[in-house]
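Structures follow.
Here chain A shows up in two complexes: once beside chain B, once beside chain C.
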Partner chain A sequence: MQLFANALIAGSLAALMAGGLALVYGVLGVFNLALGQLALVGGYLTWWLHQSLGLPLLISIIGGLFLAGIITWITFELVINPFYKRHRFLPIVTTIAVSMIFDALILLLFEERPRNILSSTKHFVTVAGARISWEQLILITLTLIFVASVAYTLHSTSVGRKIRATVQHSEAATSLGIPANILHRIIFIMSGVLAGCGGIFIGIDQNLTPVLGFPITIKAYAALIAGGKDNFWGTIFCAYIIALIEQLAIGVPWFAGSYIPAGYQSVVALLFIILVLLVKPSGIFSHKLRIA
Partner chain B sequence: MKRSVLCSLVAMALTACQPASLSTDDPIKIGYIGPLTGEAAPYGKDTFNGTKLAVDQINANGGIHGRMIELVTEDGRCNGTDAASAARKLTDIDHVVAIIGGQCSGETLAAAPIAESAETVMISPLSSSPDVTDAGDFIFRDYPSDALKTAAMAKFFAEEGYEKVALITENTDFASAFRNALKEKVGEEKIVFDEVVEPGTKDFRTLVTRLKDTEFDIFFPNAQTDAVMAAMMEQLREQGLIQQAITHDVGDSPTLVELAGDAVDGTLVINVPSAGEGGVFQRQFEEAGYEPQASIAFAAHAFDAVNVLAKAIESAGTDSTAIRDYLYDIKSYKGIVGNFSFDQNGDVVGIPYVLKQFKNGEIVKVKDISVN
Partner chain C sequence: MNFLLHIIAIIAIGLPQVLGYNVIFGKGKIFHFGPIGVSLMAAYATFLTITNGGSYLLGITLGAGCALLISLLFAWLSFRLEADALGILSIAVHLTFLTVVLNSTQVTRGALGIPRIPRLPFLSSLSSFATIATVIAILWLAILYMIDTGPFGRKLQALAEHEWHAKSLGVDREHTHIAAFLLGGIGAAISSILMPQYLLLLHPNDYTFPFLIILVMIVVAGKPGSILGVTLSAILLTLLKEGLRFLPLPTTMIGPIRLLLFGVILLLAVYVRRDSLFPQQRKI
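Up next, the complex of A and B:
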């Protein structure tokens, strides 16, 4: 049971990141390699508001997400918008540059030492045999609500249909009166906000260091590819599944009572993904493309 | 005609390539290698500032025989690849007289062969891996080897009756070498839990869940950085495990309290004394506008490394072999970190160990630990 709780905690973080990625890559088709850095921006800004300026936690989180949204927007206008329609690979270069700039800026502004948003003692409860803190329960619940509402909006409402329409054919959608450019901006900013949530999650549950950016992006890509890039629900689900496999891999004895060495934790999960993709190359939850 | 022009050009180019360190007014170049970016950057920042402080003081007092010291800084990023190219640049392009670095053991071990073949003296202020002992004739350190520290720990475990040690190790050169040395000194049969995780891992919940079913009486978070150690300790205490914890240099960091709060309270640390803390050195350090990122002691070790090197250059000149021999011959150098000398392997002699403990958010000294 504790293993499932552990997986839920790890999975929630992965789901936020993968959700951000699913929006920006899965929906918009833009590679954003600075997503991990945007997560750090959200986390560090929240830390700054809460610990340096002494604002209450809730206001700091909202403020952190708001500022992260603004910075994501600026990023979009400066390095994505001028390029992404010309060639889909151009943003790879521009966002790598941005990620390096962010890395340097974070190092400059927030120094090298690690930071923790919430350093006070956490309060524990035992739920069905698993020990978990209230803070973690709240984080898990909020994450679920947040990603589920994004997924619902995207797949089951008229706004979502419009978004998907602009992605399929931006000009055609515009001619039908859908403000494609604005929707693209909103999706991109939403992806930054989701990533920012991930950063805050790390800042509360673990601690923030200026180098986290890249590794968390990689795991998000794994979840996205395994889930099928056109299915937001699938991506989220796979983020949790990868987390669960990672915990099971090292938490349960496999071969005659011996454990898989902890160093292979993420390898096991990624191997599983490879196996899945061999069977279903377009991703576990990918729909067949509808051809008109 | 044309050929003679070409020949003279080639001749000019050749003379231009020669090391130009013969003039007496030229600055003396000293290299620095350390993790200035990345997760280990707090160590790099502290040792770099300690190095910088020493260099600035020497230059303010007129340099070495009138020659200024010029610091050439390279980022080793706490890994061998970057440190090796840094060492190559410093020796081949900058022609430095000596190198202060690396800081992470992985940096030092990778840079050592290059410094050794270039016959450039290298003094590490922070590397503690036992492997550095055999790294080369030109390689020194003013930070003691973990071979000693693990011996001190094994002795402490035996005295206090800790029989079952649980160990989680981050897979870096320093932490892995520490794990091996500890296993050897404590005895393999006393290590009841031994897992190695990828560098930078922050999710230890499942390992801790397994620890719940393991009988152990002391936990050793063997991490490379305080960020990772904080995650280990927090998640250990989260699941209600109350066993004693003990750790090494990495845990000797006030940042841990900031990160993990009560989770580190009571944790023991065996490390070198907090050299320079609260003394003249700390005052000078802060007056220069620096703030310790991990520990003032790291800055003190770097400060001493530069000064002992400057003393060697002052007496022996800029010839590497002469500097090396001078360093080996030092009887006792009075530094911030204590009175020390170097043994025949370039390892420091004379730095003691102390047992410290986290108490109400402070790291306090409990007692001195003798190694022999």
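Up next, the complex of A and C:
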């Protein structure tokens, strides 16, 4: 039961970020390889507001998310916007460059040692035999709220219809008066804020370290690719599946009662992408887009 | 003098890999981000064999064979996947190799790396190492230049510009791209056989993701596909990288500043080459 709870926690973190990515890929058709660093930016800024400036936790979190949104917007204007209409592969290289810049700035400003947003000890509860902290319960709830909100927005509001129209055919949507350029910005900033949420959770639940950026990105992309790059629901589902497989891989005795070393846990997500891409290159839940 | 020889050796050792990668990513516009994974496996295959009593010949043969096999694997993957999926998958394969090396401590010593790497007898001194590495780099450059200006280079360029049209003119994508990946693999094998001998150490930290970024940056900054441009870019950026050691800054700051500088250079290079890095397909 504890393994399932751990999978739910890790899956929620991955789903939070991968869900935003799926929307970005669906709308803009670009990969953002600086996503993990944007998550760390949100986490470190919250740590700075709370621990260095002494602001209350809630204000620090709101401030961290706001600043993460601003930085994501600047990233979009400098690193995505000048490139993505020329060729959709250019942002992959530019976001790699910006991930290096963020890594360097995080190292220079916050140093290499681990940082925890909360200095107090955590309080745990036992749910159906699994031990979970309050912060983890909040993350799981937050992810469910996010998924429900996206579902409602996409399927029951005019904004959602505009987003879906832009996903299906950006030029046709623009010709019908939908402000595709503004939607592109909103979706990208939203993915950055969601990544920031993930970074804040890491800073509260575990520790923030500058080396976390790329593993976070890869895990979110594992879910995105496995789910079918523009399929929001497939991505969310695969985020949880990958987390579950990771937990089962190291938490269950496999060969003659022996366990797979924990160091191999990160390989599980990578092997999952490799396997999915080899069996079904377009992703498990991919579907054909309308092109006219 | 020793520092000059060191710079020459570092540039010459790295050049075969950079030029090999330039064939795949620069000229072929193939979204392959796994060359460091190829180097990692080639280096470990070579030096695990040698340090466990195997001969140099056997070690080098196994290392080169490993590099070629993994390159073929990447080539095969490139035929199955869309370009962006190949990019992500090749990073995934690289990181999988790295994780396996780091965790197989019984065989690879994990994060400790393999110390006391033996050098080939004729590579014992710094000057001989710099000379031999330079000769190898120049030979490799000349070979690639001839290949690049011949039919293979034209086929690869045609496929990069417009695959359908190239195919309709009889260009075989599979053969051409396999050859490109193999050239990249040979380049990676040469560099990964020389570098640990030069450092007398094989360490997994030398095969992490930032090294891929440096490789991409050298190719992008030097003009993708241009052998001479990429060679010049490799020389200048290596000089910059090594020159940063002399900045009067604490050692803990040198690494991040190098990362920051290279990130900015890569961004500027992509901005300057935004029309030629991944050109719009020709419309007829």
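Points worth noting:
The criterion applied here is as follows: the second predicted complex is superposed on the first by the 258 of 292 C-alpha atoms of A that agree within 3 Å, B and C clash if a C-alpha of one lies under 4 Å from a C-alpha of the other, contacts with A are read in each partner's own complex, and residues count from 1 in each chain.
As a working rule, a residue touches a chain if its C-beta (ideal position, glycine included) is under 8 Å from a C-beta of that chain, and two chains touch if they have at least 3 such contacts.
Small disclaimer: the values here were computed from a predicted structure and weren't measured.
When both complexes are superposed on chain A, chain B and chain C end up clashing with one another. Judged by the touch definition given at the top, the superposed model places A:Ile92 against chain C, while chain B stays out of reach.
Contacts of A:Gln168 after superposition: neither chain B nor chain C is touched.
By the touch criterion stated above, A:Gln2 is placed in contact with chain B alone, chain C being left untouched. Residue contacts after overlaying the shared chain place A:Ile225 against chain C, while chain B stays out of touching range.
In the superposed pair of complexes, A:Ser158 makes contact with neither chain B nor chain C. Of the two partner chains placed around the shared chain by superposition, chain B is the only one that A:Gly251 touches, whereas chain C remains out of contact. Looking at the shared chain after the overlay, A:Gly263 reaches both chain B and chain C. Residue contacts after overlaying the shared chain place A:Pro114 against chain B, while chain C stays out of touching range.
After the shared chain A is superposed, the part of chain C among 40-48, 58-66, 184-192 or 202-210 that runs into chain B is 202-210, by C-alpha clashes. Once the two complexes are overlaid on chain A, the chain A residues touched by chain B in the first and by chain C in the second are 103, 107, 111-112, 261, 263, 266. The residues of chain A lying in touch with chain B in their complex are 2-3, 5-6, 9-10, 103, 107, 111-116, 119-122, 124, 131, 133, 202, 206-207, 209-212, 215, 246-247, 250-251, 259, 261-263, 265-266.
Within the complex formed with chain C, the chain A residues making contact are 31, 79, 82-83, 86-90, 92-94, 96-101, 103-105, 107-108, 111-112, 214, 218, 221-222, 225, 229, 261, 263-264, 266-267, 270-271, 273-274, 277-278, 281-282. Of all residues in chain C, only 31, 77, 80-85, 87-89, 91-93, 95-96, 99-100, 102-103, 209-210, 213, 216-217, 220, 252-253, 255-260, 262-264, 266-267, 270-271, 274-275, 277-280 touch chain A in the complex they form.
Against chain A, in their complex, chain B makes its touches with residues 37-39, 41-42, 44-45, 168, 171, 195-198, 200-203, 205-207, 209-210, 212, 225-227, 230-231, 234, 238-240, 255, 258-262, 293-294.
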